[in-house]
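If you scroll down you'll find the structure; I have some questions about it.
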Amino acid sequence: MANINVGILEFEKVSSQPVEIVERKGTGHPDTICDALAEELSIALSNLYREEFGAIMHHNVDKALLIGGVADPQFKGGKILEPIEIYLTGRAIDEKNGKKLPVKELAVETAHKWLKENIPNLDIVNHVIIHPKLKPGSKDLVELFERFQLKGEIPLANDTSFGVGFAPFSDIETIVYELERALNSKEFKKDHPYVGEDIKIMGVRNKDNIRITIAMAFVDKYVNDIKDYVEKKEIVTNYAYSLAQKLTTKHVDIFINTADDIDNQSVYITVTGTSAEAGDDGQVGRGNRVNGLITPYRPMSLEAAAGKNPVSHIGKIYNTAAMDMAERIVAEIEEVEEAYCYLVSQIGKPITEPQVCDVKLRATCDVNKIKDKVLKIAQEEIDKLPTTWQKFLNRHFRLY
Amino acid sequence: MANINVGILEFEKVSSQPVEIVERKGTGHPDTICDALAEELSIALSNLYREEFGAIMHHNVDKALLIGGVADPQFKGGKILEPIEIYLTGRAIDEKNGKKLPVKELAVETAHKWLKENIPNLDIVNHVIIHPKLKPGSKDLVELFERFQLKGEIPLANDTSFGVGFAPFSDIETIVYELERALNSKEFKKDHPYVGEDIKIMGVRNKDNIRITIAMAFVDKYVNDIKDYVEKKEIVTNYAYSLAQKLTTKHVDIFINTADDIDNQSVYITVTGTSAEAGDDGQVGRGNRVNGLITPYRPMSLEAAAGKNPVSHIGKIYNTAAMDMAERIVAEIEEVEEAYCYLVSQIGKPITEPQVCDVKLRATCDVNKIKDKVLKIAQEEIDKLPTTWQKFLNRHFRLY
Amino acid sequence: MANINVGILEFEKVSSQPVEIVERKGTGHPDTICDALAEELSIALSNLYREEFGAIMHHNVDKALLIGGVADPQFKGGKILEPIEIYLTGRAIDEKNGKKLPVKELAVETAHKWLKENIPNLDIVNHVIIHPKLKPGSKDLVELFERFQLKGEIPLANDTSFGVGFAPFSDIETIVYELERALNSKEFKKDHPYVGEDIKIMGVRNKDNIRITIAMAFVDKYVNDIKDYVEKKEIVTNYAYSLAQKLTTKHVDIFINTADDIDNQSVYITVTGTSAEAGDDGQVGRGNRVNGLITPYRPMSLEAAAGKNPVSHIGKIYNTAAMDMAERIVAEIEEVEEAYCYLVSQIGKPITEPQVCDVKLRATCDVNKIKDKVLKIAQEEIDKLPTTWQKFLNRHFRLY
Amino acid sequence: MANINVGILEFEKVSSQPVEIVERKGTGHPDTICDALAEELSIALSNLYREEFGAIMHHNVDKALLIGGVADPQFKGGKILEPIEIYLTGRAIDEKNGKKLPVKELAVETAHKWLKENIPNLDIVNHVIIHPKLKPGSKDLVELFERFQLKGEIPLANDTSFGVGFAPFSDIETIVYELERALNSKEFKKDHPYVGEDIKIMGVRNKDNIRITIAMAFVDKYVNDIKDYVEKKEIVTNYAYSLAQKLTTKHVDIFINTADDIDNQSVYITVTGTSAEAGDDGQVGRGNRVNGLITPYRPMSLEAAAGKNPVSHIGKIYNTAAMDMAERIVAEIEEVEEAYCYLVSQIGKPITEPQVCDVKLRATCDVNKIKDKVLKIAQEEIDKLPTTWQKFLNRHFRLY
């Protein structure tokens, strides 16, 4: 039985406090691109290893660097002057019994595939250079990973690390998350092809006023001139307003590309739909947390989950587990209004034996009355940790 | 007058809550190396620009990637098989009136200089490759920056972003911070040259028990054999224990390199004093926050301050300003036990006009009685924002 | 009037000497790929500059490096494990009146286009990484190049260098050249898709016996097994024999992939049709001379013509001019059986004023009787040098 | 007994023909730097392999690419703006029984060592970036190489290739070679520190007039101003003249840096002594042949010998063997005035069984009278081929 602590959230609800800040970096943001490519590579490697070894082998491909290109966007369509460069790095077993595995090739193919599907205006042949800089990593770990998965042993924590999660989302958290998802949905894009994928949303609530600031890359070839730009920005602003206002009773204001200088025709247009084309660099772990948001008024881990191995990497597993735990507690125990969960590992111990599992609740009743239910859920989630990797392979979480 | 909100910290003090988690990545950790090289490059560029233009010009060199090498450490001294590679990237003005500035050369020299001074067992000629991948950035910004500094205009926020800070440190925060500083001090190294610079400290407090887990790279040439290793680890453990115990009345346990397998002589030794030599990669912004710690039980920004331009980059300036503000409020107002400060910018507005300044206090008196004092300090700190860059150039903050 | 020397070839004809050695590296050879990409980039740049400036600007993109990939070829189709990497380097003006030109992007696009057309089994998206490492070069040269082309001034030699050419080809030279052209022709490939583009032909004549050794990459997916391989090799051997034998009265033997070990099924198959997929590296200037051959029994320049600027680069212009001059003298003066031409420039002087033009002839009559005709042709070819660039843009020469 | 052909050189001696062209690229030329680093790496690898395996293992590190930096030279001392980048590439066994060998590290260290010793004004820490891009190569070859050296089997030719050599040097060949050696000697540099290592010498003989054109990088910090430059150039011109004139009875003219524009102070000065600092790129195999010269009036191989493995690489071994053979024949047989030797291999056959060995002589007697002596020397040289690698390790040849 794990060392589980159940306590009370004593402070005022974040949503009742006077100020709240929430951010989400959308699909085409350089940091999100890095997260996505790292995590997709981890999934592809996991699948390759399962085919070759029958089990996921050690890898950590959680460092990626995007170096922005140079572009000359123009109304009706500009051009790229220098391609974007993306370094994919980390460790991955690349050999099995002397047979070389296509680890670097997989990195290149996976990256191209994701970019093609998710940043459709980016010419993956000519506008981006993928540098697969993976290194083999230790062969000693092969046996260890075989034990974990083929012989059913519980993986051991690779580090002293922690994870945090909370539920549910406040209004502004919901708005920021859903708004980006909507603006980057296939349905929306069909009617609004001029909206690029690089959408960064910052929400600030000041008492009852929610101010949503959106930085959104327009795709130049779908915008005829400055007048057309202004009109299209207006259309998106209205769309965002009506969607956001449905999700809250508070007052919402929407601001898109506030740095635009319409008179000088200096506005946020791009050739490819992402600012990565011209100067904005990106890295793994600089963007959204595993719940899809950046929330400075909430507890956050700095862990970059994307690209980590899903079997034994504590920072990856505990953050998602803490989120799942919080969500289940809120969903399944009627009296719980809000839950915060913290998990701390001890290096070298089974991942099912955290050093600490700290659950904090805001409930409509005495916490002692529901403590057993909470402990049960927490313990169940901890017991499931050895199979969490399956959720990562199914892209169950919002890692990017 | 800025929009300043003063409120109350309603939750139990973090130091009184049952669990607390604190981490610090020391000088030689791959992430810290990246932070250090990015920030040192920003300082070097700022100095170059001041010489050439009389003012700091636009730059953001806040992305760096360290790709670990391959090493064969051995008791009494092993060797490096493949060098470490470090990519330094970002934007920096590299021309003045058609004259080229040595921006790439500066990146190389600054990196070598820092590494030589701070990781003395690393052979900077042969064990590390610096890739200066900086791009010029926009020349349009030259005029803007001249206005900021030569004509005294207030810099405009480059983004909608935020900063957070708190004061004072709890016992465990103090221990984690001071312990790393001590183990990496020149004095300590003089007597203990076998202690490498890659020291990661994780502190977990469970009620009144503080458990300090230290991952510390030993320098192989100063360790004769496994027996010597065990003895030297014992020496450092004792040192750490007595230092830590002086800083708290709670019970402290020290654990160093818990993954060591003494029987198999598989222990944490390195040729260079940093795990970067063999496989551990690093990035900017993955490590310590601007107060030198990672504190999941405290509000944190994900901002990577290191390498950002110190004149107008909100994420850099507001985080340090929020920290300074919190420290001053605690230091100067006797009744304040604890302060949390949040600053939110509005893109395109002067940096002295934050969208929100939210100050939360724990005080021994009614907050209304001290509100004016708090507002005064907050406003003063906001007014000083245009000169914050000087503090960065003087390495006033603990950016790495 | 240029300093033209007309002399006699005193030695026995190469084709009458006991031994002759001739080599040609075909389209898919790593060195030829480098030559091709360098020259195609020079052409693309020349066209871009003509559009933007009305004249070809300075560039020298004559250094390229191909780092072979890693592959696992298999009968019926194997796969690539690590992509090929190609560095394109050199100097090229990348700005016009402050406007940035897409020089790096052009390098990437041109390379992909050539590879797609010429190495059809290479997946240009995933199997090759193009690194455009061009640097701007001196802006001072803009004015110079404008004078050359817009104002009609004669370009000045950029170096003290030389060119050599000879005509006609001997039997074995013709065979080696034509054989590669035939095996890499679209018609032949249609019926023999299993023949890759990496074809290196070495011809050695020992008195009246010509031994043709062909190293030819088979495309694995078009070969079912070792038996099929042997049969297909036989088909190509017969084809090559009958083609070669038509071009000479001497005895010809054809040997394909002599290092094959049929018993151990170790034969020369590839996934992509080029050995660049697995280990063979390449560089510009290591392969065929401007006449399409490597001929150690003939005078040769070491000049790497591919990628040099076609307006003023002496090494490029003089080698092709010497070849053209020799061919015209042989074609137009009935009495001339063979001609060797040498041109030496003087740096800083007009390219039409060579330091030396040395023409050596083998004729059926006294050379003095035809000297005037020779001088006339030589002078005409020298006078045409300022328009030679047009021939390069039309791919008139066999630069790769 | 090898297939050796002995014939007569029928054409007029090159030194008696009206025109002769000879070139040498000195130590600091970008192409020579590439050759030197490739060859030194081959030697370092050979030594490492002998230590580890008792025998030289397979490697071919014959491709290197130097990408010039950016510099701002000034009288009395300028500075470097962007470092030189050097890619070292090729194949080298990097493992022995699962133990990793420091192949990449060796590439970095060897390059730094050579540069430090040979280009003393280049700061190897900050002005040059070495990229070790070696790949492992085939492990199958380990056994083969062990057989060659440990069991005394004759290495098999790795390719159908050839080598050529001639002796003796003509006057102008001697002058060009000796002049560069003198100007780059330690003795000369001691008194003339302003003479950089990048010295390219082109000699053109027009009947009895020898014109020596020298492109020579001055080191800026040792030159005070334009007047000083002119004076120092005069000193070197005089020195070169008197040295050259001692080596011939023909008339010699010396021209240094003919592109200098004294009035505009546009002269050939550098910070480091090599043009690689600013724009000039380099590659292996683009410079001197294995006799130290480029001689278009002589038979030449295009083979890039530098960096090839010295045990079985035909292109490397046969070129040096042909040179040695020609030199011995001329030295040991009084009647021989001049000798040209050609060697052609057959892939897969022992290196001591060339397809053809063609020796051509100019003698003062009937060749038949000395044929036996010639055959004996030729056969001896062929028999010694399996130990040629020792000469490479001792830097017996002039590979750079």
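Chains: A, B, C and D, in written order; residue numbering restarts at 1 for each.
Throughout what follows, a residue touches a chain if its C-beta (ideal position, glycine included) is under 8 Å from a C-beta of that chain, and two chains touch if they have at least 3 such contacts.
Just so it is clear, the structure is predicted and the values come from calculations on it, not from any experiment.
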Chains touching both chain B and chain D, listed by label: none
Most widely separated chain from chain A, with each centre as the mean of CA atoms: D
CA centroid of chain B to CA centroid of chain C, Å: 55
Geometric centre distance via CA averages, chain C-chain A, whole Å: 51
Distance from chain D to chain C - Cα centre to Cα centre, in angstrom: 24
Shared-contact residues (touching 2 or more other chains) in chain D: 70
Complete list of chain pairs which touch one another: A-B, A-C, B-D, C-D
Touching residues (chain side chain D, partner chain C) in the complex: 3, 5, 7, 9-12, 17-19, 21, 62-63, 65, 67-68, 70, 85, 87, 89-91, 133, 135, 137-138, 160-162, 164, 202, 204, 206, 211, 213, 215, 258-259, 279, 281-287, 294, 296-297, 299-302, 304, 342, 344, 346-348, 355-356, 358
Residue numbers on chain D that touch chain B, as the complex places them: 70, 72, 79-83, 100-105, 108-109, 112, 124-127, 129-132
